[in-house]
Amino acid sequence: MMLTLAASIGLLFAAGAYMLMRRSLVKLVVGLVLLGQAANLLIFVASGPLRGRPPLVEPGEQVPPPPFTDPLASALVLTAIVISFGIASYTIVLIKRAYQDIGTDDLTQYNTTDR
Amino acid sequence: MSLGINLLLALLWASIIGPFSPANLGVGFVFGYIVLRVVGGRGNRPRYVRQVLATLSLALFTAVEIVLANVRVAYYTVSRLRNLNPAVLTVPLEDNATDTEVTLLAILVTLTPGTLTLDVIGNNEAMLIHFMHVDDRTEAIKEIKDGFERRILEVTR
Amino acid sequence: MNSVIFRSSTIVLLPFMLVLSIVVLLRGHNEPGGGFVGGLLAASGFALHAMAFGHVSARKTLRIDPRVLIGLGLIIATISGLPAAFMGKAYLKGLWVELNAPGFPDPLKVGTPLAFDIGVYLLVLGAAFLMIVTLEEYRHDANTGS
Amino acid sequence: MLATLPILVPLTASALCLALWGRVAAQQVVALLTTLSMVINAVILLNAVLTDGLQVAAMGGWAAPYGITLVADPLGAVMVLLTAVCGLAIAIFSLGGVNHARWAHGHAALMLAMLGAISGAFVSGDLFNIYVWFELMLLSSFVLLTLGGERAQLEGAIKYVTLNLLSSMVFLSGVGLVYASVGTLNLADLAIRFDQIDDPKRATALAAPLLVAFAIKAAAFPLFFWLPASYHTPPPAVSALFAGLLTKVGVYTLIRVTTLVFDQERVLIGDSIIIAAGLTMSSGVLGAMSQNDIRRILSFHIVSQIGYMLMGLGIALHVMGDGDPEVIPEIAVLALAGAVFYIVHHIVVKTNLFLIAGAIHAERGTDQLDKLGGMVRTHPYLAALFIFSALSLAGIPVLSGFWAKVVLVRAGLEAGTYGIVAVSLAVSLLTLFSMMKIWTKAFWGTPASDNEPPPGHAPGTAARLGPIVGLACITLGVALAAPWIYDFAVLTAESLLDPTEYIASVLPPIAPAEAQTLSGPTSGNPGGAP
Amino acid sequence: MTLFWDIATVALVLVGSFFATLAGVGIIRMPDLYMRMQSATKAGTLGVACLAAAGAAHFRTSSVLIEVSLVILFLFATAPVASHLIARAAFGAGTPLWDRTTRDHDHGAEPSPTEPGE
Amino acid sequence: MNDAMIPPDGDPTHWLFLVAAAILGLGILASFFRLIKGPSLADRVVALDLIGYLVIGVMILLSVVTQRESFLFVPVVAAIILFLGTAAFAIYLERREHT
Amino acid sequence: MTASALAILIVTAGLAPVLCRVSRRFGSLVVAAVPLGLGLWFASAAGDALTGTGIVQTWAWLPDLGLNLAFKVDGLSLTFALLICFIGAGVLLYTTSYLADHPRLGYFMSVLTGFMAAMLGLVLADNVILLFVFWELTSITSFLLIGFDYERERARWAATQALLTTGLGGLSLLAGLLLLGIAGGSWTISGLDTQRVLESDLYVAIAVLVMLGSFTKSAIFPFHYWLPNAMEAPSPVSALLHSATMVKAGVYLLARLHPTLGGVPMWDNTLALLGGVTMVAGAYLALRQHQLKKILAYSTVSSLGTLVMFIGLDAAKAAATYLLAHAMFKGCLFLVAGTLTKMSGQKDPEKLGGLMARSPILGIASLLAALSMAGMFPLIGFVSKEVMLKAGIAHPEYSVAATAGITVSAVLTVTAAVIVGVRPFLLRPSTGTDVQWKAAPGWRQLTLPVILAIGGVVAGLAPAAFAKPLITGMVNAIDPAGVPHEIKLDWLKLLYPPTLATYLSLGALALGTVIFLGRSTYRTLTAPADALNAVGPARGYDGALAGITTLASIQTRIVQNGSLQIYVRVMLLTVATLVGLALSRSLDFSAMLELARTVTTFEIMLLLALTAATLSSILQKTALATIACLSGVGFTIAMLFALYGAPDLAMTQFAVETLMLIIFVFVIFHLPKYRDLSRRAFRLLDFGLAGIFGFTIALFVAAVLATGGPPSIADFHAANSLSGGYGRNVVNVILVDFRAIDTLGEIFVIGVAGIGVYTMLRLRAGPAAQASEPSIDSSEPSVGEGTP
């Protein structure tokens, strides 16, 4: 059932990777954000979520009615989303500073620290 | 206004947090009050009880207007484009219109289909509105003024 | 942003968002929500305020220095696990008390995980607010400075 | 609880430093006291591990594998100790080596958060939890790297950030795939469940993303680009912190998962690691040879020396996989012990060399070898400290690096992996060459400029030299206590190669059965199969 | 009575979906930004409001009622403001009007014949 | 639909969900068309806004068909937060004029 | 006594700078006295050392690793120990005068003493690893000594060259010794199982590696080039390191291991051949030099070759005798040369002359040493030359070649000896003018040369005094298999009745003198051969170093090329390849196709939406549009989360997406134009690469989904959420209770991100930025300077 979702994940990864290989600084961040989304989605989809079955305990019950979407996977994704958010925000500001101070967004010009 | 918001906040709180009990409502009120104190009293002082009716009238009018107008826009959407006559018109506002009134009017104008507030001109003197379809300019302006503006003023003044 | 309409609605929306954020925080343990979304929601409220009235006003409205708020949130979250540790249990083990508050039909369960979530809330509020206000301030300075 | 402190203490202190925003003196005191207490904690922890066995702490009181378990085994505990020692040294060095503005902008909080995250990665017994610590470590390092934001820092940071984030994504994806496949995250539980995977090839496939991600973190060939591009750009104290610890976290996790979890196709994994090790060490040292800047040279050497650690691991895995799975061959123990010894030695020495580079920079205002010279006359003590550390790094007897090298080479020879031994010896010669290049150009020769500042008059000299002397003493201690450290390394290697005790300590013996009874409702099939 | 609510639910869902789709049609079909905005925002909000109302009709508990009211309230309070903000900015920036649009005064910037760069 | 699609195939709400979701889905696709095509940034913002609303609609629909009250809270938060993004874009558009 | 002697020397080395600081004059004398005492100590123990298996002492150090502090004093090590201690003491004494005014006298004394300690340890060690430890230490200390005049470029270069060359050998030696231990079943040299070593598969490797180590250390062809260059060192260093001791470490090792590794043609022949080549080449090259120390250096190279050759020829007696003789005359001559250069400022022996009058004691010592070197009876040099020639003539296989080689080198050595040791004192300087002469050398500079010269005389006239026991001891150590050797060293008996060896020896003396007299002709005749230098091993060293350096910069330029794009490409390719390869081995396509059979319309719509969003975000031409499309991706994913039972995720995704959008939009003013910079070819390349990467991961996900797995631990969380965590939202209970420590780490990430953004914008380098930047609280300074 999830083959389409697997394909979507592949697409997101590919898109992220593609953007990561551009010469433009902004595209780099776009690539990172896309890769983050892709990884989050991967964890979620790989865990085999079920449509409309959240892991919530209904009032009067003691456990969520089975079957339900893997709550641990959701928790992992939530943590990962938050972390991606923090890192992406930082990265966005980083490229802004880099562009301002270095004066170009062409990554081929970012080659002074290696040699 | 503040009190109204406060009550609404209490309601919001009580409804969502759990059972609809007085204690819960009370806690909600206190929270709402604190929040309002924290974010500062920019709104006007609570003044009106008598406008409740006017408010209801405005709400009802808006609801009807929204539904009717939506049907109208639905028609515009699927009709032939060349039958449409869009327009950008300046609608003068009542003197000394307050920010709240202007905001409310703008929201309602925008909310109802076929009209869209583009800008407020000068110091709340007039409003620039985009119409999807206008047969008669003056009629259209009059509709706004008689429909929403009047009813809003009834609520606020 | 110098729009009467935007500013007026912001005045109304901010308290709503803040209350909503606390609601999200508190009911998070039982329903979708939690400290993180709550904190983001609160920060969004202040972000809205900053957009409408500028960063100076937003900072005044929050009152607490966001950097301190970050530290505070982190300390609360970190410390919330300590009581259990001092009682010889595992760090971060949840401790719960049942409060029979008047007017509430069911006893309220209050526990250290809630404190933890509050820490999360405060931290997220502080951090997100700090980001947005700093950016806005920087943009403002850059525009006026040059 | 003892295993919790390495995380808890620095993180709480980090939060405290944030709450004390703007009070630099208070933050400095907090940083010093915290790192000091981290050292004490770590010593107690290591002692407890050695005397009482593994220290296990179930976070939140939730038993493994359901909650997150922190486990301090010999390797984890010694890594924590090294982290604390480096932390203390760098905290002191920072007093004289990091300017007031950086202190005022969160240097202490960031440094402590990073130390906490590194310690967390070392004691965590949960795959996803390790990811979280990795990210905290990474982000703290990003911020420390760019604090102050000069052009070089920003440029280096862009590469560092991009490539490390790429590895994080691969790591995260790997975690997701592993979890989806075996339904657990606890390392000990993963070890059990991986043994139950019937197809070894599948197990290896699941291991691949994680191993590649850790290889990026460890800066293995050809995934090390981020390191030489950035490590020389931040303030020396920060460089030193990175240099000593960050890549070692990658190596640590590689060791951890390959010994504990991914034990199905060990020859394949081991050989791959050996190949990567050879390429890493040679590529790194060649990189160092082409540089003319002290910290760049040292940065490339990090890469090169990662190769030695990988060499030990690879040989151990190769030997383990080659023989009877029930018996742990002595050669494997020897090889892994070599890797452990190398890590212990490397962290101390590398940190110190970067601190010395920082001291040189502070005294002379440059890292460029061409602009340096004659420091053996102007700064004889610094020179002595440098050559001592440099020779230790190059593996000159009887200094610390020598023992690690001998153990590794001997293991390689006994295992019959002559190729990697040859490479490692050649690389060690080139390492010596490039260390002596620094020595001959910066310390020998004549000062390049006439108007150099008088020696020892740069402010904060005492704060800078103190930790350098301290770390040099530890290096000397490692060398002199080589028998003891070797025994410890062997003990560590044995505990790694026979994870029975680890698994038993983490998972109560009844745990698997309990999992079935407790599970009650069944969630969606994690595999999602119809 | 349940039947009534079920029918109401179904009807509201269908109506809501209809309006939502209408918004989609409008956003594709309308000739200029302002008209696209009009059909999108309004039909969109109304569609969502109808769906929310369907939820209220379906569950009929006080908390759902409040939640639904909040959705609708927030939608109706924020969507117009958002539209206004976009329209104002776009108009100020000279985003062109459809050539059939009539104007009584020229306020702000004259809409330029070409699309502004982004 | 082999997975735990709730309600099951026989249930009339199943079809309701399918039909309504399909309709909303078309709306979303249409909005994506505008999001991609533009031409102006404002167009894209409007399209994004609409996507947000339609996603909220799907969520409400889902809570109805899955009988989960608790889902309804998500749209409440989403509705108010969506506004922020649009406002931010508007501010950008506006500031672009003034800078 | 072994370990104590070492410890005393090491402590002395450590204290030397202090002692010299306390009192330059007497402190340094104390330092010099220490090895003298040790030498006497060793001499007193000679009886024990030379009988039976010698003195054996062992302390456990790292037994598991095979490293014990095992020492053994037998004839070979005793001889070396005595040479080290006595010559060392004399050299230190010489140094106190030679460097009397040098500011770094203490440092020099310290390193020199340290070197002596390393050398002593090397010859005493009976454990292969311990031996290697000291071996490397001699390399390092000699590096420091050669580079003592570090301000001279040439000295630094020579030091590095010596270090690299001996370091190369050292590392192969390490491998060789470890293999030897493995093959021989013991880490103790005296415990090595010769039979096992000889039969081992590893024998060839061991032999080659040990030879490589020894040859580099002892400057055997083709590694002889570093030794003459090392003459950059002060003369005491040359005397100690380059004549008496360090360079002989290689010879020592070959001799030490000869009982274990020798007797195999490969070993013996290689030693004989390369030793012989070195012997002749060194002697030849010595006469091509124009500086005192260079001549001596090449002559030393020749001597080392001689020693190695004799070990290879299994002629332990010849090797032992020459070793002792050479240590004495060459040590003396180096010190004489040092004194001459220091006092006259002149390095060229041809420009010196008539110095006998200026310093008769020095002159006599020099003459005696030179005559010994030349092989004049009754000095020890004569004895050794006789013994050598006899051994060469008597060799069963290489009699002719060996004898010829020895004779040729003997002739040339005579010439060199006369040039260096005789000419400056007895002849007139070639310039005709008087030589400058600062002052007469003091007793400290004279003591050792005189003692060494006298030693040569005593050893020749009365071999029983010390020469014979030592040589016998050495021979016993080198060739223990043979019956106890009868060593005859009486010079008179060697001279009469004359044998072929006697004739050759005397002929060499005569011919050497003739060449000295016609040395300008000789030099002219041999000049064309200098062309060989261009292809010599010294060039090999330079070429290898340049080659490695070039290789280093080329590989670094390729690997660490500075282009982030290329890094990313390589990384993506690596990840995709490795993961893809690992995955491809266990792919089950049929199970995956099962997944495809149940695709629903709704999922297709989701896929379409996600595809649209994803493609749109990479195809947009402006940054803002891209950001809008990114949000579209985010919203679609949020919807997916909501649909698939994760409302918390949906909510969080919505909130995060929006906040990121705001941050993006706030930053966008300062972002560059959104440009398409890559060329079309690269876009296609990247498109393919990205496609492979994405496809790999999609395949992986599908494979995992198709395979399924055991029940997840999440079932426990769901079952215990309410009862144990008091919460109905299992996800939230996991976040704040079951896995709260994850969340703790996560919020620290957010906190650090907040601080990061703040500092990134607030803390800027450079005063210009500082001025234009008002701050939230203006008390915080900007970074004034750059990196501190």
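Here are some notes:
Lettered A, B, C, D, E, F and G in written order, each chain numbered from 1.
Definition applied: a residue touches a chain if its C-beta (ideal position, glycine included) is under 8 Å from a C-beta of that chain, and two chains touch if they have at least 3 such contacts.
Keep in mind the model is a prediction, meaning the values are calculated, not measured.
In terms of the stated touch criterion, the partners common to chain E and chain G are C, F, listed by label.
Centrality by Cα centroid goes to chain D.
Taking the mean Cα position of each chain as its centre, G sits at the greatest distance from chain B.
Pairs C-D and E-F differ in how many C-beta pairs touch across them, and the larger number is found at E-F. Centroids built from CA atoms put chain F at 46 Å from chain D.
Work out the mean CA point of chain A and of chain B, and you get 39 Å between them. Per-chain Cα centroids separate chain D from chain G by 26 Å. Each of residues 25, 37, 41, 45, 63, 67, 70, 74, 77-79, 81, 83-85, 87-88, 92, 118 in chain E touches at least two other chains.
Within chain B, residues 12, 16, 106-107, 117 each touch two or more of the remaining chains. Touching of two or more other chains is recorded for residues 1, 3, 5-6, 9, 12-13, 16, 20, 24, 27, 30-33, 36-37, 41, 44, 47, 51, 67, 70-71, 74, 78, 81, 91-92, 94, 127, 131, 135 of chain C.
Here chain C touches chain D in the complex through residues 65, 67-68, 70-72, 74-75, 78-79, 81, 84-85, 89-94, going by the rule given at the top.
Chain A makes touch with chain D in their complex at residues 1-2, 16, 20, 25, 28, 32, 35-36, 38-40, 42-44, 46-50, 53, 55, 63-73, 76, 79-80, 83, 86-87, 90-91, 94-95, 97-98, 101-102, 107, 110, 112-114. Across the complex, chain D meets chain A through its residues 128, 131-132, 135, 138-139, 142-143, 146, 149-152, 154-159, 161-162, 165-166, 168-169, 172-173, 175-177, 179-180, 185, 225, 228-230, 232-233, 520-530. For chain C in complex with chain F, the residues that touch the partner chain are 1, 6, 13, 16-17, 20, 24, 27, 31-33, 37, 41, 44, 47-48, 51, 143.
Within the complex, the chain G residues that touch chain A are 556-557, 560-565, 568-569, 572, 592, 595-596, 598-600, 603-604, 606-607, 610-611, 614-615, 617-618, 623, 626-627, 630, 633-634, 637, 640-641, 643-649, 652-653, 656, 659-660, 663-664, 667, 670-678, 682, 686-687, 689-691, 693-699, 701-702, 704-705, 708, 712-714, 717-719, 721-723, 728-731, 734-735, 738-739, 742-743, 746, 749-750, 752-754, 756-757, 760-761, 765.
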